[in-house]
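Listed below are the structures to be examined.
Same chain, two partners: chain A is paired with chain B first, then with chain C.
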Partner chain A sequence: MMKIFSPFGAAGLAVAGLLASGSAQAVDSSFSNIRHGKELVDAGDCVSCHTQQDGGKKFAGGRAVETPFGTIYSPNITPDPETGIGGWSDAQFYQAMHHGIRPDGKRLYPAFPYPYFTKLTRDDVSAIRAYLNTVPAVKSPPRAANLTWPLNHRVFMRGWNMLFFTPGTFKPDPNKSAEWNRGAYLVEGAGHCGACHTPKNFLGADKTSQALAGGAIQDWFAPKISGDLHDGTGAWSVDDIVAYLKTGRNKFSGATGLMAEVVANSTSKLSDADLHAIATYVKTMKPEKNPPPAPPQARMDDPKMKAGAAVFADSCSACHGGDGKGTPGLFPPLAGNANVQQHDPATVIRVILDGARTVATDAKPTTSAMPAYNWKLKDDEIAAVASYVRNAWGNHAPPVDPGQVKAMRENLREDHASGS
Partner chain B sequence: MSAPNFNRREMLTAGVLVGSAAALDATDRAQARSISGDVPWQEGQANKPDIAKPGTYLFLTAAEAACLDAALSRLIPKDELGPGAKEAGVTFFLDRQLAGPYGEASHWYMQGPWKKGEPTQGYQSRMTPAELYRAAIKAIDAHSGDKYSGKTFSQLTAAQQDEILKGLEKGDIDLKTVDAKSFFTMFLQNTMEGFFSDPLYGGNRDMVGWKLIGFPGARYDYRPYVKKHGQKLALEPVGITGRPAWKPA
Partner chain C sequence: MAKKLPAKDVVLVGFGWTAAILGQELTDAGLDVLAIERGAWRDTSTDFAVTFAQDELRYMWRRALFEEPARETVTFRNAPNQEALPMRHLGSFLPATGVGGAGVHWNGQTWRFLPTDFVARSHNEQRYGPLPADMTVQDWGITYDELEPHYDRFEYLCGISGKAGNLKGQLQPGGNPFEGPRSRDYPNPPLDMVYGPTLFEAAAKATGHKPFPCPAANMSRAYTNPLGVEMGPCTYCGFCEKFGCGNNSKASPQTTVLPVLMRKDNFELRTECEVLRVNFDAAAKRATGVIYIDAQGEEFEQPAEMVIMCAYALHNPRLLLLSGIGMPYDPKTGQGAVGKNYAYQITSGVDVFFDDKILNPFVGAGALGVGIDDYNGDNFDHSGLGFIGGGYLACWDTNARPIEHHPTPEGTPKWGGAWKKAVAKNYLTTASISTHGAVMSHRNNYLDLDPTYRDIYGRPLMRMTFDFTDNEHKMSDYLTDRATDIAKAMNAREVHAKKRTGHYSIVPYQTTHNTGGAIMGADPKTSVVNKYLQSWDLHNLFVLGACAFPQNAGYNPTGTVAALAYHTAAAIKTQYLKNPGFLVQA
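Right after this comes the complex of A and B.
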């Protein structure tokens, strides 16, 4: 039996024929190509960043994207010729997606995940354009970014790109299965999972040697999702990962915050085959070595841990269980939970202060929520209970300091005041 | 004895008034409302109780506080079983209640018709609780002054105070400006509330009320204990805002 190898799925093969003919191509506006473009736009979650929260027009831009260097506002990518990208040629659109360069030659900031989108094939970028041509044109002028030096100078991006950005279409690994390659293409390309889940260097570029090892982003910590048993998805099966991405929850955890948006706008809309491919790929991203089980990093007779145990018993155990095992699918277990054990405690502190709600999806429309404790627990009490959940029931992670809680409290107050 | 002849029309108007009053101050307090679709939830938002802020009295004058201190010390006195109502901060609790929505009767229907109600109909005065306390304390001090050569209620002996309190409870004493029995009923009720409600409202200091009766407090989860039949659990009580064990030593 002959095996046809295509990392890009059937649709990719179908349009390949159209493109072989010549260089000056018109966008293929057939229904199947537009539908293929829609799937890629879902996979790329373009709508989350390019739509203002609370009822903004789809793809009309204006959403504030926070970066460690300041705020960037997403531009309008509807076909409006003046304020959107209606006037761009297909080649100009490809240049933006593949090289991060606008038609006027200016460099785009990587808050637009073109370091990932560069992996997309020419055909797939054309399909995205074909779909974007069909969305309603909206007049909505761009807003200037508000960045700190040196990133406020776009010309600086030329140096940044030289250092950290290599444009290049995804190259399949012929030694791996078609499914694995499809997964790699989606994760490293359109899905831009590493934009949140890969740690960044001091200039905001991916530390590529630590792909998907967990990254701090907008007062969340996107956890390690490579296959580490302690703080990654090592204990998850491929089906567990698929269930999480499709329905927003599984027996280990639920998606909330930034990941809730990714699930709602992107992964819950992908086909089962694509989700399976993503999970297959993520599962094979083994840590260099799976460390042996380690002792907790705070002892149970430590005053902070004792206080944390008391707060937990009185305030948290009803949902998460005195044994930390939770009620899977409803209240996530904290024992063995990767989010709880990341070296950076941002998500744990944030969720205790502000509460959390699991995303609602078509598959699981009923959500469960955790209340906010910001009004009730003091900084030292939150530090205590956070340290406790990070080191009870076999968990181990650095204990939390009240100063970290205070800083997060202030950040969240600012975030809520600015409506992001 | 006349049956209350509230007619339907009056009831409807009353409903409208209560409804609009509620809408005006719906900002912070829990109100009944209908929900459709997803259960509303917002990051960082909580339906939190009004926590009594420490500090000086907001409603009571020093003289009024002295009268209440004395009176509620007779209702729940300090004794061999533990601290009494005064030690538990019940006067402070009453002050915060009278200074807040309870004192203004903001959740009660306070319009006419003014008919004398049945005892089973509860509080029927035109006065808000704040007005009632203010007038009653004044009248009680005046009554003790008349009877005991110019002394205020707080200056009397315990036996003399008990006698006056009994007189108020039975309605034997005429306070002239206010109905003695209505006041006593409310005061006794409020004193118990202050002694046994969550400490965040200012009374039940150090959870002394709960310790006295062995109430384990605002606990969330009793599953670990359901099977422990007939055993003494000796759970330390916990308030909505915690217990001493929450503080890292």
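Right after this comes the complex of A and C.
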């Protein structure tokens, strides 16, 4: 059977055919395969984690990745034979990508998202390797992780894998369109969207029954991106999602925080066809099977809401508008904004405290930004205004407690002190 | 010994409006462009965030965005027979420093000059006879029609809010009927008008004038400019002039060009570096680059194929003098052109005190107002008036900032209980009509290097010799009287005219519209640059900005400064790069 999804659409079939006729063991270093590998590396946003911030050499690793269990430093994946992966065979590389196992037999931590990469076809993994072989080799020794028990023992990962990891290449759904399957392959595979957007259990594994329902990460809340109307992508058209991923901006929102990096390094580089496929797939993701009951909308005559409305009028309405409609494309509308209505208010609190800056892309070069209010508003004022924007104009989401603001304030202080 | 750096195609000296425009245009043409800016990097969301941008004490009174006189200033005198002294505190004008230049802290009043302004000598002599011998007014060597497409580009870059008065020769109701013909309307409608200016509008109409909403670089709605840069609607906060805008609502290099320009691989910016002089070759035909000094005090030689001076109007002529380019102007002989025809503007105001009208003047924007152009340029018959030129009258609602804005009627004590009472009574109920008059150039108004005082780098300061002449006083009095006529028709309790009298003083703030010193023209003997702002001496040196104005018109200069910059950029792209050399034969 022909593959019903293809890296290049129709043109890609020829490439796939070419690969199939070659050796499965040797890396195909043809231009087309390297180019295909680059597209997958872009889709996987490998460069973000495998490059130190502020001028690190590309793919040389060393970037600190904060997890709830401690800090992991990304390894060097340049072809340097000693400190990178230049000494790995193609089969060893596939074993790492597909099984999460290093050449020395030790288990990788799932901060490296092999539970997603396992879905990649063998040919695609070979293409990724072919591309990584072309990046300049950098000598940069790996840095040891700093994890808490029991995750500081890699052997523990054997049990973790038994519980939470099922290796296996993506299986297309013959009842769905080629585009949907392409989207599913990218989202569940290379794109590893759920690594942030799917909630995690107490050991950091995806709650697979709640795929893409939103997840806490590094003092952000990566919002729900399944097709729910209230707090997911239900109100966004496929074109809205494509615009967001391609340009970092649409009329609802602008990419900031970790997603700004994803747009800059990954999604803005994908083809329109792939972005369209991703959007098509994401929108069909079922809303949660057992969603928590919608919280009652807070009453606007509640003193806390009144206090929030006053803070909003003073500090927020100039950009976001008294009616919460903002200036679409520049200052996001808050009315109906899914990100504002996530059940976990981490992002709302964080953005008010710390400010935020949207990513600039060639298509949307204007950086719009929200200033920090951490020096200007107290915890109870931020709690009030956050509760207000989560419940004004028809929005509804649980109110925010000053204690949550205080905790976030402390977390951010620590984050900034540690340079992350 | 300056360390020699690898050559660039283009060096821009300074990084305000003109440099942003040239940088954008010339990088589009594929050139490798370096801008050298003496001040710091500044970015809307970081440096002008709405949480602190509206800080009157910091920005207005403590001068956070302006040039520090301790680093560089001018010396000043009214007449050549006086000794000039350094201006140790900024006063009459406020040169900027830092990325974006004065384009960061301007109000956004964006005008086109009148077609007759560009032919001020020939037009006025033809209509009124010979000008006085000491009035060194010159034609610009360029016409309004040549500049029209470039005005248009700047207006669309900035998203100017306004109402056309003359579309391709057809007068448009509600616009300025005196303006030169424009090829299309403004990109955005006028700002929402506030109460004070509407009272002026009604009175102006009733007294036979032709009021119109003033053109504003403050956004009346969200706007995406032709470069794809997005701007937000103005919030009417009243913190434009002397402040950066945190809402992306006032056009500045930061809000219109830099998001695109700074992403380009063939553009580089070095901040906190001051250009000390321009170098040229032994034959004195070509500039070879610049010498600059960085914040560590280290000097560098930056070679370049082209040098474009984009510093403020006062600094470009000084850099020419310090570099020994061109012949310095001598007021005794009238020979030489560098430093010649320094000009300024003459302003006055009429306060209009109401009892019963709450104007809420704190709802403001930098260019929010209604104006009339009936008395600008040669829009009216000057026969028998004893002066040429004119200015616009406008009722602006730019701000009512608490430290700055204390309108009190004549006779009010300057402090104490009675003053406080008067401020409280009049703060919300006072409008003001301002006049914005031209200054014609004069033989004894000029710039040269001071023989005594030096800047922080040991270079001679610029010496400014300037005074208002009879022409200015007669004209300004005439404008003030006309403004008073209209003010009286506003049916107020009290009208108080504040005429500009006596010698020019460099102390009280008037306007940052300094012009001349490197003037453009058709004759190398009487001008520094040709119509393309290309040096008559070194063909790869261009000198931009209001220093090119042969005399000053009765409008804010930025629109014309930017139109000239686009005109220069077009000439470089379409003519100079193909055939480097003088674009106009002397």
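By our rule, the second predicted complex is superposed on the first by the 386 of 420 C-alpha atoms of A that agree within 3 Å, B and C clash if a C-alpha of one lies under 4 Å from a C-alpha of the other, contacts with A are read in each partner's own complex, and residues count from 1 in each chain.
Following the convention adopted for this analysis, a residue touches a chain if its C-beta (ideal position, glycine included) is under 8 Å from a C-beta of that chain, and two chains touch if they have at least 3 such contacts.
Note that the structure is predicted; figures quoted are calculated from it, not measured.
Once the two structures are superposed, chain B and chain C can be ranked by residues of chain A touched, with B on top. Contact with chain B, but none with chain C, is seen for A:384 once the two complexes are overlaid on the shared chain. Contacts of A:353 after superposition: chain B is touched, whereas chain C is not reached. In the superposition on chain A, contact is made by A:307 with chain B only, not with chain C.
When the shared chain is aligned, chain B and chain C each come close enough to touch A:318.
In the superposition on chain A, contact of A:330 is made with chain C only, not with chain B.
When both complexes are overlaid on chain A, the residue A:163 reaches neither chain B nor chain C. By the touch criterion defined above, A:412 reaches chain B but does not reach chain C.
In the superposition on chain A, A:372 contacts both chain B and chain C.
When the two complexes are superposed on chain A, the residues of chain A that touch both chain B and chain C are 315, 318, 355, 357, 360, 367, 369, 371-373, 376. Interface of chain B with chain A (complex): residues 38-39, 41, 43-46, 48, 219-221, 223-224, 238, 240-243, 245-249. Across the interface of their complex, chain C is touched by residues 315, 318-319, 327-331, 355, 357, 360, 362-369, 371-373, 376 of chain A.
Taken in their complex, chain C has these residues touching chain A: 43-46, 49-52, 222, 224, 227-233, 235, 237, 246-248, 259-260, 263. The residues of chain A lying in touch with chain B in their complex are 303-304, 306-308, 310-311, 313-315, 317-318, 322, 353-357, 360, 367, 369, 371-377, 380-381, 383-384, 412, 416.
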